[in-house]
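Some structures to go through are shown next.
Two complexes, one shared chain (subunit A), two partners (subunit B, subunit C).
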Partner chain A sequence: MSMITARSSNRFAWFGTERWSVTPGPFKVGAVILLVHVLFAIGGAFWTPHGFAEMGTGLPLSGASWQHPMGLDQIGRDVFSRFMYGAHIVLMLSFAGTILGMVAGTTLGLLSGYIGGWFDEITQRIVEAMISIPFLALALVTIIAAGPALAGEPVLIVFVVGLVYAPRITRIARAAAMEIATREYVAVAELRGEGIWSIVFREILPNAANVLLVEFSLRLSYAPILIGALGFLGFGIRPPTPEWGLMISENRNLLIASPVTVFGPGLGLASLVIGFNLFTDGLSRMLGQRPVPGA
Partner chain B sequence: MSIPRLLASRVLFSALTLFLVSILIFLILEALPGDVATRILGRDATAKALAVLRGQLHLDQPALVRYLHWLGDFLRGDLGVSIATGRSIADVLGPRIVNTLLLSLFAFTIYLVLALVPAIIQAVNRGKAVDNVISVITLLLLSLPDFLLATILLFLFAVAVPILPALATISEASTWQEMLRAMVLPAVTLAIMMAVYAIRVLRDSLIEVLRSDYVRLAELKGLRPRAVLFRHALPNAIVPALNVTALNLGFLIGGVVIVERVFSYPGFGTLLIDALQLRDIPLIKATVMISAAVYVGANLVADILAVLLQPRLRTSR
Partner chain C sequence: MQKLIEVRNLNIAYGGAAGWTNVVQGVSFEIARGEAFGLVGESGCGKSTVAYRMLGYGTINSFVQTGEVLFDGTDLLKLDATSLTRLRGNRIALVPQNPTTSLSPGMRVGSQVREMIATHKALPDGMTMGQRIVELFALVGLPDVSHRYPHELSGGQQQRVTIAMAVACNPDLLVLDEPTTGLDATTQRQIIQLLSDLRTRIGMAMLYVTHDLALLAQIADRVGVMYAGQLVEVASGDTLLSAPAHPYSRGLIASIPTMDGAKRQARGLRGVLRRDQMSTGCKFEPRCDFATTACRTTPQVLEPIAGARSVACIRWQEVAAPQPLTLVARTDGEVSAKPERLLSVADLTLSYRKPSLVDKLLGRTNPSVVRDIDLELCAGEVVALVGESGSGKSTIARAISGRLPPRAGLISLEGGLLPPTVKDRSVEQLRQIQYIFQNPDASLNPRRRIRSILTRPLNHFGLEAGENTLEAVLENVGLHAGYLDRFPEQLSGGERQRIAIARALLVNPKLLICDEILSALDVSVQARIVELLRSLKEKHAVAMLFISHDLAVVQQLADRVAVLYRGELMQMSDTASLLSAPLHPYTEILLEAAPGLKKDGYVSRLPAMPASKAAPGVGCPLAGRCPRQVGSLCADVRPPLHATGGGFIRCHIPADELASRTVSPEHKRSAGTDGIRVLNS
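On to the complex of A and B.
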């Protein structure tokens, strides 16, 4: 009884110590990894041992040392400083892109699922067509279509991530809305004479929150890989901004001379995605959802 | 719905989807506001170069006319001419597609082993240490970006222990042995990427099937465990994994692009990247259209196979 009152009176007791001890293991490990990444990113945005574009900080390709934990690249830039500065860029791009995709996809999906009929039919066909274009091809084609003026701008990367995610999120949101639309409280709201927007955002959205939260977390896990892949192929953020995928691609020809310049940033990227994946796994178990990898 | 009608409606929907894809690609590449020629050549291009390119792309005609021309030619098998090389796109694409098909076939063979063996081990030993260890490894591999996995394998087997070539540059002059050796690293990378998605699903569905009544019955009949597993459980557990693989094909085509790029393999993926870098719009349109067709086609096949393979779907009508 006391448990129930505590939870209803203070939503934020959710993160209390009692709750922490009963949360699934993967969620905890994931949350800790993500926290470390966020703190590292905040730190890196304000201070790095060397400037991220500063050349000649030491002997190029001299490998890992205490001064240069991730070694030095071809022109003597400190890879660790670049990695540290890049952390907040990777995180911010991932969050911004995923949020854009969530907002667009959720709005369209919930409306489509609730309204149904022709609107739903047309939306679903367009969504289907967008999903049929392999995501990397869609992303790259959009970047090319945006033209040289926008190429390499963070805004474009955020837009592209949102564009790739939106149709996939639309599908999930639509399925959830169709199920919720049959419930009594929606019928009651209709009888009260509420409008479409009011029903979608005040009745359906809160009840689809669990599904959408897991979806958000799942998409967020993949965003650093997508952004990294764009950078790796040379269509991402413009150099010398140290996005991790771009750094891996830049240092790849140093693989024989100084492998740490590739695997340092690689380890950072992989650990971030592992953190997101564990977090998603735990979150979906806590919320009673089952995420499908990929798709 | 009877099975032929079900299949016919699937085929029609796939065709409709591809039609919409063609409109989308055209809209993104050619109908955005602003001059296409300037976007391709950049702002510093001379007026003459712009005029030549506009002529090549027929930019003097309205967008709708250009779209219908392109679609008509495409359906008749005329993919147009590449701007960058001046060669017929069909000639450029043909060998690249063959190369990528060879690579995919090789990767798919490795994938079958990499997906089935761990999933069967997990399902048979569910809840034990082996199960958990394989789960952790799958999660780690699932979190590894494809370009990083490719780079790690390249480092391990071409740099640290140089037993395989780092570059998978094959040509018509290469012998079969050379080609196979060159394809090992890219194929293994692709196979691992595909397998990590399938293992989780296959394990869960296999465990579910092993708990079902007909598997119990088969066990009670006194069949050997191996016969129960391979003859009764596995065929029924494969369908969900098949669907996940088809749904993830979009990611896998992206993976092909990256893996071919890392190992400089002369396939479809490197062609797409080259076309994008050269802003060769006709070639981009053709490659993206074909990759979408592959995705839609594979999902259609997976749908049909699911109907034909799974007794539950076949009889419940």
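On to the complex of A and C.
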């Protein structure tokens, strides 16, 4: 009756039922919420009950009904259609911005942590300066500096999210790289005469992956809030594209007349952020990492 | 004899993702009052798990399925938390493995001992707390160190403090979990000496858990050998070592390198303990030389045999049959014509901190870690660098490999000067020196498969790799092609070290630097790696700089030995003459400390705490510790070099006088007084 620890065989098997049962609860809940969001966004990109910019689909401000589950806004646009269509915009902007910040931040952070010395000093002072500016202020200044030609372009939003995130991710990546740089397999590579890039990407990056993955999903969970805030302030995506933050902003003076028009995008944003957060929490527990709270 | 503690049919399982794994199965033994019982086995055999259960302690995921641990009639496994607290520390005390992590770094050691006494209200009548603490420190051979923090003490002194804590309440049973594993050979022997001394004075029983049979031989009355969670043999220490009855014990003993300068005929152990490859019968069957088909299916239980011993093997009679333990004199390498010089190191001086600008202006110099090292290596030669921890062995290796630019001195390879840093060395120079690290867990990238770990150096150095280059090199180190697609974590420690060796060999180096490559491995694995290194040396004519603190291993492998103490070469000699005539006092100390397989009544000649440290760079580094010190001369004047037969020694006493090997009492006394007075003034 010898018991067997058969870890090696199923190490790479993708999610089986067995594995699903041992994952932490928050991860499951978060994963389900995110899956619903993704399906909803894919659906919304291809089909909506009405056009997202189509005016006069019904009586403006008439409240919720079967035809218009989230009511109609001031100019008679169907809020639910706009909500559906906006889902993929929020998701794509969040992902693109976070990935940009991740690539830039990871590269800079790993290099800074591994090389050290004056390079590290300079990088870290710049990073600290950027972190010390409140993120919304930094974002607004960047958008204003970009000028009217780029205002409202998705590219600019992605860039702004990346810019806000990169310094924060740099710090995490640097801390991980500094720790890994002391391991002996890095010394082995150095003794072989490998270059800096080769050591950073072959030896250090794969071992920092856990930390960075958790950091990525944590940043991802805050991205919709940042994008929503920009939209709410009128610096986000150009209307009439229905980004959720923009929709809340547009309909906020209808809060008394037809509150249901604000609920949809608000709940959408909230559930997305909560979903991401739960997912991150579960992921970090599975990977044995603790996420750093705060933006 | 009166039983103090009795373990009956203990079964412990660890819970994991894949269900329960049986870690300890049916272990039963007893310890009488005042007896020292040793538990020995390879890593992962469950010996520590058993030891911690003696304190009623188990990790969260462990689960006792059946069994009893009877201590003075009460079952520890059924006691509640409060009664256990009363018992632990008071009647059963633990000496942990690593004193550095088990002493609280922010508390003075005096208050840590005080805590122990206060918790159990164990202050003897008519004594103040302060007196008791000083008395305890005196008991373990320390002066009053109660106001020091743990980091102000050396490893051996820290372990003495934990022992003082453990005996503070005069326990009946002392559980020692590998108490000397992290320590130097000389310190190890001092601790062992202290423990047997304490045993006779306090009369407590001991459970000594270790993987080191040679040390166990010095202290234990009876020894239990564990394999895969089962006790396979219990016998008195002497009987076990002279005539082991279980094939596993036999293999374990054969694996131990000894200092007798001869190679044992008996074979060591093959394979490793794999819990996922267990047969239903005898657990040891896959690795056993005596195994029959019956062994595979019939479970073996511990059965008493003659002479108060018991063994779990059906074929013990054949195993125990005294085999001719032929001691074959080692055939030393033929003394051929002097091969060309490969590596030479001249006047090497190293320090870790770069002198800052302020230091330069003020003309200050940092103390150097290593001073005036001259070393030569010929092609195909194995030179061992021996010394205690902190003596600078690895630092020298770092400098040769180019990771630490020397402060002064030259390193040249094959006549050509080597640039001081890795960055400035040519690809060819980098290829010729390969470094193998101490810990294979850390030197293999855990996220890469063995295949990519091995192909990377080939691609980097632009070497031709045929279809079966990798297979061939794996075969060379005793592995097979099946390992290529595994990750390092799927390999055992010994296999990982083989991969590290394979990686170094793959690029055809001229010089291998082996930095303590055996110290992280089990004895049985060590023996096989030594075997491997020896065959590689013969086959590939690769030179090795073999860094070790273990003289027994060194004598099996090395052609020449360099003895290092506090950053200075004390002696350089060929292995055979070093062992037969150590000459230098420090080498003598090292040799005496190496444990043999018999009780040798070793008495340490070193004080537990040197009264003073020799100033680096001035005088002999051994001054203040040396048993043969010549007055104040040693502390003040740098000792001269004397040429000997196969090398040199650095000592004030001429070689022929040292060879007469007598330590006069005056010398001893002067070591204690003169040298110190000079330093203190």
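In the analysis below, the second predicted complex is superposed on the first by the 281 of 295 C-alpha atoms of A that agree within 3 Å, B and C clash if a C-alpha of one lies under 4 Å from a C-alpha of the other, contacts with A are read in each partner's own complex, and residues count from 1 in each chain.
Methods note: a residue touches a chain if its C-beta (ideal position, glycine included) is under 8 Å from a C-beta of that chain, and two chains touch if they have at least 3 such contacts.
Values in this document were obtained by computation on a predicted structure and should not be read as measured data.
Per the contact definition in the header, classify A:187: touching subunit B only (first), subunit C only (second), both, or neither.
A:187 contacts subunit C only, not subunit B.
Quick one: classify A:273 as touching subunit B (first), subunit C (second), both or neither.
After superposing on A, A:273 lies in contact with subunit B but is clear of subunit C.
For A:141, select first, second, both or neither according to whether it touches subunit B, subunit C, the two together, or no partner.
first
After superposing on the shared chain, does subunit C or subunit B touch more subunit A residues?
After superposition, B is the partner touching more of subunit A.
Does the superposition put A:202 against subunit B (first), subunit C (second), both, or neither?
The answer is second: A:202 touches subunit C but not subunit B.
Which of the residues in subunit C come into contact with subunit A in the complex?
Going through subunit C, the ones touching subunit A are 13, 16-22, 275-276, 278-280, 401-403, 422, 425, 427, 430, 433-435, 437, 439, 442-448, 456-457, 460-461, 486, 490, 503.
Over in the complex, which subunit B residues touch subunit A? Could you list them?
Residue list for subunit B touching subunit A: 16-18, 20-21, 23-25, 28-29, 32, 34, 38-39, 42-43, 139-140, 142-148, 151-152, 154-155, 159, 197, 200-201, 244, 247-251, 253-254, 257-258, 261, 272-273, 276-277, 279, 284, 287-288, 291-292, 295-296.
Which subunit A residues qualify as touching subunit B in the complex?
Where subunit A meets subunit B, its residues are 125-126, 128-137, 140-142, 144-145, 147-149, 221, 224-225, 228-229, 232-235, 245, 248-249, 252, 255-256, 259, 262-263, 266, 269-270, 273-274, 276-278, 281, 292-295.
In their shared complex, at which residues does subunit A touch subunit C?
Contact set of subunit A toward subunit C: 1-8, 22, 183-185, 187-194, 202-203, 206-207, 209.
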